[in-house]
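Two complexes, one shared chain (chain A), two partners (chain B, chain C).
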Partner chain A sequence: MFNIMSITLKGIFRDRVFHGILVVAFILPLIPVISTLSMRQVTELSITLSLSLISFILLLLAVFLGGTALWKDIERRYTYSVLSLPITRSSYLLGRFFGNALFMLITATLLGCVAAVVVWLVASGSPPDRQVVWMNFFLAVFFDAMKYILLVAVAVLFSTVSSSFFLPIFGTISAFLVGSSSQQVYDYVNSQPAQTLSLLTRKTASSLYYVLPNFSAFDLKVNAIYGLPLSLKGLFLTVVYGLVYGGIVLALSSVIFAKKEMK
Partner chain B sequence: MNAIEITNLSKTYKGKKFSTVEALKNLNLTVGQGEIFGFLGPNGAGKSTTIKALVGLIAPTAGSATVMGVDISSHEARRHVGYLPENPAFYDYLTAEEYLAFVGKVFHLPESLLREQSERVLKLLELWEARKRPIRGYSKGMVQRVGLAQVLIHDPDVYILDEPMSGLDPVGRALVKDIMLELKARGKCVFFSTHITADVETVCDRVGIILKGELKSVEHVDKIMTEGVLGYNLRIRTRNQPELVERYVAKEDLEMVMQKLFTAGDEISLIEPSRKSLEDFFLDIVKGKIC
Partner chain C sequence: MKGLNQLNKGLLRSYLSLVLLGLCYLLLIVPFTGYMHSKPFIEKLGHLPRVEVFQFVAADQKQLVSASLVMKVMMYFGGLMEQNQVKYKLPPDYPAMSRIIHGSVKLDPYNMDAYYLAQAFLVWDIGAYKIANDLLAYGMKYRTWDWYLPFFAGFNSAYFLKDYESAAKYYQMAADLSGQPMFSTLAGRYMHKSGQTVLALSYLSAMEKSEKNKAIKKSYSIRLQALQAVRTIEVARDSYLEATGRQPASVEELARSGHLVKIPADPYGGKFFFEVEGRVSTTSEFTFGKPGK
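This part shows the complex of A and B:
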């Protein structure tokens, strides 16, 4: 598995998609310039912009690297040469996943540090009303990375189901969109005005809520921007949720992939 | 212990809209250690299907097989196997050297042995100069050579090669034959598919001929070659004639004719067996004349 992980990382660093996405990261240093265009809440704006940019870059990486990892191997017939080695299907799959996950973590760390420097520069240029809570800032980046690693797991699951590139890419994007709003839908369904909806609709919506990933808990942007206090218990539950959900998705992927025919 | 044992192996591919292809029907075959086995068959006969089942890429519909005594459903069976896929492709962002290092690590080769072996096989397959370039930039034959290199690097007991000579130049083909003979001398088992009868004739101990998913014949190559002798071409210098005379003699008449010539005091300058080649044997089976 570690062998697969290390060649996965090598592959990403030499991938053109990665180089393309890297270019996007060069927007980060421009943030101070953009932020100062706004007269008020310059620091808050710079935090918002940098967190959003990091989020966007990680989303691209999750979709295009996570979503295409297996598909590319099958399409280019690498699976014949790799899966015929004495490794199990699941160690190949997990090696691929953890290679991608580790890469996302590294990227998030690097981008997070660069963004911190940027925000610090802005904050020292025009001191904000509230102090920047750095802890929240870094936690926001970390949880964002966790969210997208979870999305990579979902992308891997889609790749094991279908061997085209259509489902992994678009499935992952849809999972992201739905996953980001499922909490709102769930809250609405269980609210007073929604009781007029049919029971079936409400039941379907609630069961979808449990099946689909729920990404909103991972979003700590607001806490980072306004320095709002974080609940330790909430964070802990989110981590547990991420681990359990990711574990289930990967286990399912392993089972499907073990049965897949490399014809 | 046999190197490869295949029992009642069948494979049916399921296509779209309930169409099915019976690619392999009840295959039974054993190949011993120290044996070179040629798996001969026309396009679409089921050679690659058999091989992919052996290395765990596809699951057989029925039947079973073992490699060095280990059932093929376990990934441990592949620890004894070097497999060359047909039209192979390898992570093309890696260099040949890096790819070999990857394969060596999967097979738990110690670092020093890995370096030594890597150098040996890269030089053997004439990839030494290109070893630091990504595989992306290799020619077809060079990729095929990488395929052979990654098979040889971990020195397995069983070699399963799907059309090992394809894409290689004549020098490369000769090299592959030499390598196979050398492996055999070291007691290794080589199982390879091909549709070129000449390759089988020169290196194989036994040949299996497969047609439309059914194994039609398994024979010792020597036996085919001797049984294939139909007659002899003699070149004779008779006493009363200065020029050489050519004469064809059927197999069963040879002794009688020789006796006659001898008593007549004629001189035989050449005896050449005229035989049915393996190719004719193969074509006869394909056209349904035998079996």
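This part shows the complex of A and C:
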């Protein structure tokens, strides 16, 4: 499994998609200039832009690298040669996943450090009303990375279901959009104005909420930007949620992948 | 050899078309930029989808979308300040500006730029004091540390809404949050009618001084000029009243009687006059783009 993991990691660094996406990171040094457009919250805007950019890059990586990892192998018929080696299909799958996950963590750490320097520069140029809470900033980057690792797990699941290119890519994007707003929908159907909706609609929405990944829990941008306090219990629950949900998705993927017929 | 020739020909043709297309681009870019620049603002501000749509599509980028919506309004507002306002054909689309700002704080209720910009145009340009104060009250629920919001709301209550009870409450909040006792005495100090202009002048000059954004600064300095003109007329009116024992019939009468050296100009392009109760007003209603000016 570790072999597959390191091969995956090396493969990604050589991947052209990765190089293309990395070009987006060159926007980071431009952030101080764009931030001066703000009237009253220059530093806050620089944090918003940095975190948004990191999040966007990680999303692209999760969708295009996570979503195509297995598909490429199957398409290029690498899977046959690999699976003829004495490794189980699950360790191959998990190796691919953890290679991607590790890569996401490395990228997030690097981008987070560069962004921190950018924000620090902006903050020393135009001091904000409230001090930047660096702990929140780094936690926001870390939780963002966790969120996209979870998305990679979802992408892997889609890849095992379908060998085509479209389902992993578009399925992952849809899962991301729906997973980012499932909390909002859940809050709405449980609010007073939504009581006029039919019971079936409300129950369906609630059940979907439990089945779909909840990505909004990992979004700590607002806490990082405005220095709002974080709940330790909430962070702990979110981490455990990520681990358990990710575990379920991977276990399911392993089962499907093990039963999959390879032509 | 023949193949090489063909290759060279092909390359030459590619270069030629590149140069030609480049020339076409140069010829096109000037009128195109001119067209885009002259496009009416209302088109530039555009029609945006409902905030619920944004909330879904923005996914985890709500703060970014909120900031870019505020920027959109900011650019539009900046454009208004650059134009020759008096000749301005279309009235500024204030309702759309207000709608976008309200949408942006739904996405990010902590966005200070949104409240700040709303305060700049909602109260001074369209007189939507109640809407402005409701928006500020919404912001206060989130930005619990920020003394600017109650400071703005206090000013709106005192100066525009004449609701001194709320003003005192807001100024007290601003005083508690900022630790500046000045605010707690503000509410009580200038509440006499004659003091209203002085209150506005002190508020505006403080705002103008601290402003870095050019467009907003300009909007404040124009407003300040207008109110300074009002203050000059008020002082002349009071001295006229003292000397003659009656209110002057018109601003021109003040000039004729020598109480006013020169009738000040209204930077909004209007004409100053006295309302029935002697208050100084202007036909521009202190805003650009008022019909029937």
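General remarks:
What we mean here is this: the second predicted complex is superposed on the first by the 262 of 263 C-alpha atoms of A that agree within 3 Å, B and C clash if a C-alpha of one lies under 4 Å from a C-alpha of the other, contacts with A are read in each partner's own complex, and residues count from 1 in each chain.
We adopt the following convention: a residue touches a chain if its C-beta (ideal position, glycine included) is under 8 Å from a C-beta of that chain, and two chains touch if they have at least 3 such contacts.
Worth saying up front: this structure is predicted, and the values here are computed from it rather than measured.
Partners chain B and chain C, brought together by superposition on chain A, fit side by side with no clash. Legend: residue contacts after superposition of the two complexes on their common chain; A:261 is shown touching chain B, with no touch to chain C.
With both structures placed on the common chain, the touch criterion links A:77 to chain B but leaves chain C unconnected. When both complexes are overlaid on chain A, the residue A:14 reaches chain B alone and has no touch with chain C. Within the superposed three-chain model, A:88 lies in touch with chain B and out of touch with chain C [touch as defined at top].
Taking the Cα centre of chain A as vertex, the centres of chain B and chain C in the superposed model span 150°, given to the nearest 10. In the superposition on chain A, A:226 makes contact with chain C only, not with chain B. Contacts of A:203 after superposition: neither chain B nor chain C is touched. When the two complexes are overlaid, the chain among chain B and chain C that reaches more residues of chain A is C. This overlay, made by fitting chain A, leaves chain B and chain C with a least C-alpha separation of 26 Å. The part of chain C that touches chain A in the complex is made up of residues 55-57, 59-64, 67, 71, 74, 108, 110-113, 116-117, 143, 145-146, 148, 211-213, 216.
The residues of chain A lying in touch with chain B in their complex are 3, 7, 10-11, 14-15, 76-88, 259, 261-263. On chain A, the positions that touch chain C within their shared complex are 37-41, 44-45, 48-49, 51-52, 55-56, 129-130, 144, 147, 176-177, 180-181, 184, 215-216, 219, 221-222, 225-226, 228. Only residues 13, 52, 55-59, 75-79, 81, 83, 85, 87-94, 98, 102-103, 105-107, 134, 147, 150 of chain B touch chain A when the two sit together in their complex.
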